[in-house]
Amino acid sequence: MREMAFLGFALVLLGFWAMLTRKNILRIIIGFTIIDSGIHLIIVNLGYLPGRTAPILEKGMRVGDLSKHFVDPIPSALVLTAIVIGLAVTALMLVYAVRIYERKRTLNIDKYRELKW
Amino acid sequence: MLQETVTIIAYAFISLLVITIYGLTLNGLVMKIVARVHGRFGPPLWQPFIDIIKNNAKRTMIYHGTMFFLGPVFRIAGGIGTYLFIPAIHGSEVFANFSFSGDLLLVMYFFFFGQLGMALGAGESGHPYSAIAVSRGLAQMTAFEVPFALSVISLAIQYQTLSITGIVSAQQGGILHWTVFTNPLATVAALIALLGMNMHSPFDIVLAPQEIPIGPPTEFHSAYLGLLQTNRAIFNLAKLVLFMNLYFGGATNILILIIKTFSIYMLSVIVGVSFPRFRTEQSIRFFLGIPTILGILAVIFQKL
Amino acid sequence: MAKYFVIIILLILLFLIFWNLQKNTAPRNRLDLLSSRYIDQGPREVGSANLVTAVVVAYRGFDTLGEVIVLFLAATGVGFLMQKRQKAYPKSNPASEILRTGSDVLLPVIILTGTYIFLHGHLTPGGGFQGGVVIASGFLLQFLARPESRIKVRKLHFIESISGFFYVLSGLAGLILAGGFLDSRFLPLGKWGELISAGAIPLIYSFIGLKVGSELVGILNNLKGD
Amino acid sequence: MIMVSFYILGIIILLAAILAIYARNIVTAIISTGVISLLVSILFLLLAAPDVAMTEAAIGSGLTTMVFLYAYNRIRRIRERNDG
Amino acid sequence: MVEPIYLFIILPVAAFLMGSLHQHLNRWQVFIFFTVLLFSFYLPIPWLIHLLKGGSTAQVFTAGFLPPISINLQIGIEEAFLMTIINLLGIMGAFYLLHHFRGTVYGPILYLVFIMGLNGIIMTRDLFNLFVFMEITSISLYSLITLSGSSENLTAGFKYIIASGIASILFLIGTIYLYYLTGTLNIDVMIASGYKIVGPAGSIALIMLLSAIIVELKQFPVNGWALDIYTASDPGIAAIIAGGSSSAMFFAAYKLLPLWSPSLSSIIAGIGIMTYVLMNLMGLKQVKANRLLGYSSIAQIGLLVGLSALLLHSTPVTGLTTIWIILGGLLINHLLAKAGLFWISGLIKGESLSSWSVLRKYPSLLFIFACLLMALAGLPPFPGFWVKWNIAMQLAQHKQFLWLGFIMLGTLLEAVYFFRWFGLIMKSELTTGIRVRISSLLPIFTGTFLMFFISLTMMNLLSGFNFNMLLPILIATLIFALKLIPGKLKALMTIFIIMFYFYFLLPELSGLYRLFAIIFFPLSALFMIAAMNKPGYRNGYFELLILIVLSLGNLLTSHTSLQFFYSWEVITVATYLIILRGVKRFDTALLYLVFSLAGALMILAGFSYSYAVTGSTFLGILGSSNSQITIYILLVGGFLIKTGAVGVHIWLPGAYAETEDDFSPIISAILSKTGILGLLLVLLLMGKSFAANTELNTILGWIGVLTAFLGALFAIFQEDLKYMLAYSSMGQVGYIVLALALYSHLGWTAALYLAFNHIFFKGILFLAAAGIIQRLGTRKMYEMGGLINRMPLSFLAVLISIIALSGVPPLSGFGSKWLLYNALLEKEWYLQAALAFFASTVAFLYCFRLIHSIFLGQEKTRFRQVKEASLWFLIPQYVLIALIMLISLFPNIIIEPIAQVMADFIPATLSWEGNTLMSSLGYWNGNVIMIITMGVFMIPLIGLLLRVRSMQKVKQFNIVYAAERPDKPETTHVAHNFFPHYQKALGFLVTPLVSKFWAAVSEWCHTIAGVLRNIYTGNGQTYALHIVFMVVLIYILAGV
């Protein structure tokens, strides 16, 4: 579905917007998760074929021409992995945020500029 | 072989003696003429002979060091050497000197021999005037050598040889074959350089009689001075003979030699008395100006 | 302000790129060779009714190993980062009595649900990861209800290690007994549609579920602090 | 029917995203993010991907949100201790 | 052979188990950790051997299905090679990090998984699996970065997460769309079905994928975060990032290379090479050591990326092996060297570049450090050198001259900041603050040792083993190992070794080469006698001398341009080091090195151009091509820099003057002849029909004569003795260049005669200067004076040498002038002749000033007691004087062999009549002139001596000066600013325009670097913006 893809891209862009403009690193992390959701949507959408069902065999289905009834299982599988990875990264980022706040007492990304050039 | 060698050496001695006497006379004559121009009576013609005999006869008891002692020797060796590498009279065996051992380049570089020795001797005297004068003299020398070198190069192109004998023989056969007519630009450049070489006014800041008594030789006296004065006669004439050979057709006998060298010398003296003195940097700029351009033009014209 | 302007311009351009990308992607009306093959052969080869599970555990099992490792890394990383934390923080307020009681009651139910999910990964939607998360949510409820409670970290780690170990071991069994590393067919495929079927998929998903659950609990425990 | 629900969901998702980006309160933002994930997981169901929907709901809206809140809680506690 | 899949069994299992069992494992934990790492190191080795023996690439299948149904791994030569070195680095890095890992179990776990991830990136053939492994490495790094727990660690890590997170997003988008288009995730299948990746969608998908990889490869401009990581993280971690992570990511990019369309490929090449140049440019401004290493790391990876994109796409399969060797060599060179440098940085407490000067206290570490720098700068004998050479050859063969130029620029910039750093270490104040642990040292030393080994292998692979090329280094190392031998004994050994080598070398050489061998060997041995004078061990000095001189011998025996270039670079480096040893401030040595390297790069470009045309490195066919002009310009330009021609001379005065006093004669008299040798070889090898007629020779001639003139002019204004001599050398070599440019028999005879003469008199002058400076402790000439009484022997030596220098007859110098002017006039180069003559009169000025200011004039009170210069200085001087006298008296003994050698190349125009030399223009009989001069000198001398009795030397101040007797020598010694009038008249010519020009170039480079690096604001959001910007830019550039 084209609309679904655009919703995904819209989420990606909104996430980028958050990441590029908001100063609070928690918001930046939120931006990341929004982008992640958008990407997942895009991926799953690419595996979708209109009018088909989820690739789960149920009793009574005839094995043989299932490929005409099911959507693509591969994108789903990829998204599963991507979601878990996203969780891992988000968790680490949040721990980073905690630790940075512990050290610097601010969540403003503009204040983390002791290293430059 | 031995006999040949002895003959050549004997001839060289004769040639040298003649030239020394003539040189001293010439110096006297010029002093006289300059004095007359200035409206003085001037010294007698034989004054240089008297000076030289007097100074050479004096025994010297003191010296400033080895180089000081050797300085005048270097100087006169340079003068004599320069003269001896130039064939003085074209065709004459006696006056051919040792010109077989080297060409014009040798003579040009041998000029420096005496200068260097003199400068070293003067340097060891520890007198600041000597050092200043040497500095000025050397600086000026580098400048006037440029037009002279260009002029010589022009001659080398013209005659396709660097041998002085060769250049002279190429000019034989009439006054119009002289370089001064066939290559006037080169001649003019060289003659201007000659003014500097002779350290005559306006290029006499090296000697600067007022503040630097007599230039580099300030500390030299008696026998040393005698040697220097002798050299002045010989070296001066060596240069004149060279110029005569290069630009004025050389000489086939002693009389022509005397006339020509005298004329060349007078030319420089006359120019000298009528100009004020240049400062060193001025003379450097001067020599690197018009004379150098003339020299370059001479080269270019010859090359064309 | 100029910076905002630049960002807007760049994002608009990025949007145009995405637009261009999507616009030029032809919608498809049939599956590609590979996915068709998965669907057509999957049930027979792997014995899993849920073809996503077939892809995740069997065909692309190697990815899943990576996925498990990523989560493991996250847990380790959180532990690593939190290990150096400074002094203790002020205690948070204890939760209400209702929540405590509720969570106590709910915990076994939630764990059971989670177990169900990963055991039925090859039959119904869901699997090890989903099940693991569900289990973790039970513990989360515990944390919320009793902020002062401390779970037995060593036990947790033990479960995590051992389940991870057995997961890789089952992969190794696939290598030795069947066609290759992480081949789930070293156990008989069984009867299609039953709980104990689809080779080792339920086993593998169980290990994954346990591992994921314990890892997530570890992360939450670490983040909780105190 | 599907399309209508899609559009409604889509608009809510976008609004939630904007809220997540601009909400004053960070907790609101975090919850909004969770809502996005939850709604997206519904979309996954529409796209015939129940596995993904489950995972997204459990991980994206559930666990991630909790991790967020825990992290924020710790930050808040650091701030309190610091102020106090 | 163990199946590679076991890597993904053993490592995770170990990691999982260590997580929970660490309390039980205790000590065993370290054991398990290293066993597992050792296993991972061992695993690819049998594969590598097997594959090198011609075994076929192995596939590893998972899940019991064949690809593309399931994920597969591949182990081919490239994979096995890369895994071997990365896992080796893994072990060494783990060893280095050992102390950090005490007391934490998380560190080793993360590290193990990280290593596994790298191996996964290398082996996997599935695009999404690649993504998973990239995430594994990134996520483990996120945590590892915080190892030391500083707040910089954390903020840098956060920026890394942002950048890497965006990269993952882009990678996912790209991957999924590629899957959508091709229906597969298997890389090989995807490449095979590349025809499906069409249209805007395909291009954009590729662009997304590419952008992600470029971010992960830290290419310009999306690498601000990487710099922060390198700066902030623990050096041990930075080392594995720079070495391991970057290499693995590079391999991922390499794997995907066939996917890119040609236009994307060239974009990659452009980005890579621009990264190389710009990072090195910005490195110029860097003052923090770790950050500088970061800049360099990124640059090196940029080079790798750029080269792989440039070369792999356009090379036929047969040529691939060489390219693999180049890329592999570059990779391993970078990996080992950069890891080593990061490891060293971990030992040093300070973070500024100068805080590394503490290394001076640890010579072995310093040695390692220098080796690593040289390896990165691509200098022999390290792998980087072979890589540099072959890069040039390959790029030239592919006609990628523009890129080659950029790469050379980058190399030069890199060398500038590296060797500036090295100079800083050697010359800045000694700092304290180092913690040396055995566990940290072991990997550093192992890595460096490996580098030598790899260099040997590369030499073997790329050009064949050549023992001669190694010999100088071996001997030098051997002597270096004999640390405790006194300097004097070492000097003797050096002389002995050099003469021994000469003895064996001479029969192999003929003609021209034999003449140069005489210049290089016996004469430098003679100069080395002076070294006997200095007490102490002088570690390094003799070793480097041996290295230089023996390499000079190798220059002469080279048959290929590679051999020549190798020796050339060895000489350059050794000379740099020896200069650096002696100077007080490092910039002199740096200037030398930078100009020499620039020259070397020009030479390399020339050789590579020739290779591109002829396809051979054989020196003999250098000229057999139709693009001789380019080759001529490049080679001549390169060699001119070495001769110190005007315009590129600014390195020369400092290098000649500031170096140790007993090295000055060698560098100015002998080493300056290497440039001459080079020029002569170019003229000879370019083929007569071209080289004899080209108008370029005229330009070369003018450069020569202008150098002669300006060198002399600069010399007269120097107050510093050695600077004067240095400028004089510059001028004299200018004459030689002029003579060479003539391309005539007379000219070349003059050139070599001049060369010999220059060695004699400049050797004497520098040796005498050394003796004087040793006694007086000053180099300012106006502080000297009157030393003739104290040092008569030195005076005599200087006197004779300046007579020879200025060309005054009867000494040998006149012969060179005579030959030169005759040659010039013969060639009709009249204006050049005039300028040369002017230059020689100017030379007269400084000659006089030299001898006057030092030896004549007023003796200074403080130097009343000085003694004659040391005997060790006088011995070589008087040997040289004897030589000057000999060739003055019998010029033929040297001119005749030279003229004969030259007659092999050009028909002779010089003839003899007894002792008289005849040219087409003039004649000259040195022998007779000498005798006559002696005669006219002796007669007045005897006359004068006869008239002196009981000579008495007057006191120093016994002169009348301004009507009073002076009492202070300082006021009466006219020596300072000796030629003020010259300054007034021609001073404008010595305005240091050239120095100003180069200073401006340097200034501009620094300014541009300063402006450019402002993009690295330190703000994570800006870095994210860079990434978005780059995506858009690539999109626009690719023209979708």
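Which chain is which? They are A, B, C, D and E, in the order written, and residues in each are numbered from 1.
Quick note on the criterion: a contact is a pair of C-beta atoms (placed from the backbone, for glycine too) under 8 Å apart; a residue touches a chain by one contact, two chains touch by 3 or more.
None of the values given here were measured: they were computed from a predicted structure.
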Connected chain clusters in the absence of chain E: A, C, D | B
| item | value |
| --- | --- |
| Length of the shortest touching-chain route, chain A through to chain B | 2 |
| Chain pair, A-C or B-E, that carries the greater number of C-beta contacts | B-E |
| Where chain B and chain C are represented by their mean Cα positions, the distance between them in whole Å | 107 |
| Whole-Å gap separating chain D and chain E, where each centre is the average of the chain's CA atoms | 58 |
| For chain A paired with chain E, centre-to-centre distance based on mean C-alpha positions, whole Å | 50 |
| Multi-chain contact sites of chain D, meaning residues that touch two or more partners | 49-52, 55, 59, 63, 67, 70-71, 74, 78 |
| Residue list for chain E, restricted to those that touch at least two other chains | 128, 132, 135, 139, 142-143, 146, 173, 177, 180, 1025, 1028 |
| Per-residue multi-chain contacts in chain B, two or more chains | none |
| Pairwise chain contacts under the document criterion | A-C, A-D, A-E, B-E, C-D, C-E |
| Contacting residues of chain A [partner chain C, same complex] | 2, 5-6, 9, 12-13, 16-17, 20-21, 46-47, 49, 54-59, 63-68, 70, 72-74, 76-78, 80-81, 83-85, 87-89, 91-92, 94-96, 98-99, 102 |
| Complex contacts: residues of chain E adjacent to chain A | 128, 132, 135, 139, 142-143, 146, 151-152, 154-159, 161-162, 165-166, 168-169, 172-173, 175-177, 179-180, 185, 224, 227-228, 231-232, 285-286, 291, 1013-1014, 1016-1021, 1024-1025, 1028 |
| Residues of chain D that touch chain C when the two form their complex | 49-55, 58-59, 62-63, 66-67, 70-71, 73-74, 77-78, 80-81, 84 |
| Contact set on chain A toward chain E in their complex | 12, 16, 19-21, 23, 25, 28, 32, 35-36, 39, 42-43, 46, 74-75, 78, 81-82, 85, 88-89, 92-93, 96-97, 99-100, 103-104, 109-110, 112-117 |
| Contact footprint of chain B on chain E as seen in their complex | 786, 788-789, 792, 799, 803, 806-809, 814, 817-818, 821-822, 825, 828, 830-831, 833-834, 837-838, 841-842, 844-845, 848, 851-852, 856-858, 916, 921-925, 928-929, 932-933, 936-937, 940-941, 943-944, 947-954, 956-957, 959, 961, 972-975, 978-979, 981-982, 984-986 |
